[in-house]
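Here come two complexes built around chain A, the first alongside chain B, the second alongside chain C.
And then the complex of A and B:
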């Protein structure tokens, strides 16, 4: 039943993306200055917010793991972190491609870009830390502490272009600026693609959790095999 | 659609989908590897003499 739900949600997410791509490429109005390249924005901002949701979920689950020592929170934390890392990679790469066209450079060490890269590296470090610790309870405890502290980097990245002068563009969504700084159709499309990315993230986290549970089954079978040998 | 800078828009969208597809493939291949390891370990445990 759970697998059927995951497949169903996956198919729904794929159809949602097809619909969104149709609107993004064929129906949305053009941006006056940038030409077609502004459409990268729909694959830059939604993955970022989805990654933030994943990292927040991982931090909360990590806190719950430390409190309850229940494995399911550790399984959720590692799964959400890994999916968040993939989405944050999309955010970084699409931003670089847009920057190359608009600024003439692939990268600049301003506060927003640098903190986004450091945040990505911290979460990559989280996964490496887990690989490096063999004892499951030590691994879960140490990575939970790191996950909670790593979320401060996510918040810093979010606020970086308010706290510092950055080359990265400022906020454009009406909920942040309080003004109509973006065409309503473009803003609606951003939220639609955010919905599609969130749904996709739910599917990927569920699949990754299945893998993590299977991996734990492997570890338990290995222990039994060692005990017999 | 305005055709200016279409090439970079294509690169951006292609990069996003490539990363997603690679991650999905990675999950699939890990799933297969874990399943074959589970099958192997179960076979090994079933065939071992009971103590």
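And then the complex of A and C:
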């Protein structure tokens, strides 16, 4: 039943993306200044928000793990971090493609770009730390602590870089700017794609959690077999 | 024994054992001098560019050589199961953490105290015009390195790739502190006071220290004891 629900949600997410792509590519007009390339924005901002949601979820789950020592929180934390890392990579890559077209360069050491890259590296460190610790309970404990540190560091880096230097376009959403700087149809589309990405992330995290649970079951069976033999 | 006595007992023990063997200190110091030398090939040593890069250059040296010291912090306790004995001793985890962080801080400060004059001599710079402020800024940034380094030293102490994992984990997290230290050091080495435009970096540095020191103090017990 649970699997059916997960794959059903997956199919729904896929259909949602098809519908969004149809609107993005065929219905929305070109942007006044940038032309057609602005469409990549729908695959730039939503994955970023979704990745931040994943990292926040992982940090909360890590805190809960430390409090309760319940394995399921550790399973959730590692799954959400992995999915978040993939989404953050999408955000970086689409940003670079857009930058190449608009700025003529793939990368610039701008505040937002730098903090996005730092975030990515910090969470890469999280996965490397997990790889390196053999004992499951020590791995869960240490990576939970790292995840909490990482979220603070990411927020701090984001803020520190904001004071530093920026070439990245400023916020466009009405909730951030307080005025109508964005076409309502385009803003609606952004939220639709955010919905699609969030749903996709939920599905991927659920699938990854299944995988992690199976992996742990195999590991404990192997350990038991080793103990008998 | 009060909390402060416990902290200073740990710090004193660490400093004593390090100053007797000098294994991390010697390695770190010679490494720092080698990097200082290498930088003369990166940028023309006589140019004005050097003055604009001085803060970045110095903090790269301190970050690289500091990790050698931070790596030894907890690894020193591994032989003879000293770490287990320390954890079993009747002191709270945070006292152990602060003791080790203070020892690390002092050792990195020694490296810095030697590197600043060497840097001044090798690159013909007068760097003492704003000495008291420079010392304060260096202390803040060094504490940031010491506290994060000690915390992550505790996290990675049982790993095989410990020496590689520690820099991989702490450099990205340290960026706000290092960035502020670089900006301010460049300014101060050039003999200028911290103006209203640069005061924000001092705030970043102080906020970084407060946030991560308290976070580490809260979480270190979990890491050490479980």
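The rule is short, and it goes like this: the second predicted complex is superposed on the first by the 218 of 229 C-alpha atoms of A that agree within 3 Å, B and C clash if a C-alpha of one lies under 4 Å from a C-alpha of the other, contacts with A are read in each partner's own complex, and residues count from 1 in each chain.
The working rule: a residue touches a chain if its C-beta (ideal position, glycine included) is under 8 Å from a C-beta of that chain, and two chains touch if they have at least 3 such contacts.
Just so you know, these numbers come straight off a predicted model, no measurement behind them.
A.B. asks: Could you tell me if A:8 is touching chain B, chain C, both of them or neither one (first, second, both, neither)?
C.D. replies: Neither partner.
A.B. asks: More residues of chain A are touched by which chain, chain B or chain C?
C.D. replies: Larger number of chain A residues touched: B.
A.B. asks: Touch check for A:47: first (chain B), second (chain C), both, or neither?
C.D. replies: So A:47 only meets chain B here.
A.B. asks: Name the contact category of A:169: first (chain B only), second (chain C only), both, or neither.
C.D. replies: A:169 sits against neither chain B nor chain C.
A.B. asks: For A:136, decide between first (touching chain B), second (touching chain C), both and neither.
C.D. replies: Neither chain B nor chain C is touched by A:136.
A.B. asks: Touch check for A:215: first (chain B), second (chain C), both, or neither?
C.D. replies: Only chain B; A:215 stays clear of chain C.
A.B. asks: Using the superposition on A, tell me which residues of chain A are in contact with chain B and, in the other complex, with chain C.
C.D. replies: Overlap of chain B and chain C footprints on chain A: empty.
A.B. asks: Taking the touch rule as given, give the residues of chain C at its contact with chain A in the complex, in rising order.
C.D. replies: Per the touch definition, chain C meets chain A at residues 151-152, 155-156, 158-161, 165, 168-169, 172-173, 175-176, 179-180, 200, 204, 207-208, 211-212, 215, 219, 222-223, 226.
A.B. asks: Taking the touch rule as given, give the residues of chain B at its contact with chain A in the complex, in rising order.
C.D. replies: It is residues 1-6, 8-9, 11-13, 15-16, 19-20, 23-24, 27, 30-31, 34-35, 37-38, 41-42, 44-45, 48, 51 of chain B that touch chain A.
A.B. asks: In the complex of these two chains, what residues of chain A are touching chain C?
C.D. replies: Contacts found on chain A: 66, 118, 121-122, 125, 128-129, 132-133, 135, 137-138, 141-142, 145-146, 148-150, 152-153, 156-157, 160-161, 163-164.
A.B. asks: Flag every residue of chain A that touches chain B in the complex, lowest number first.
C.D. replies: Within the complex, chain A contacts chain B at residues 25-26, 30-31, 34-40, 43-44, 47, 83, 86, 89-90, 93-94, 97-98, 100-101, 200, 204, 207-208, 210-211, 214-215, 217-218, 221-222, 224-225, 228.
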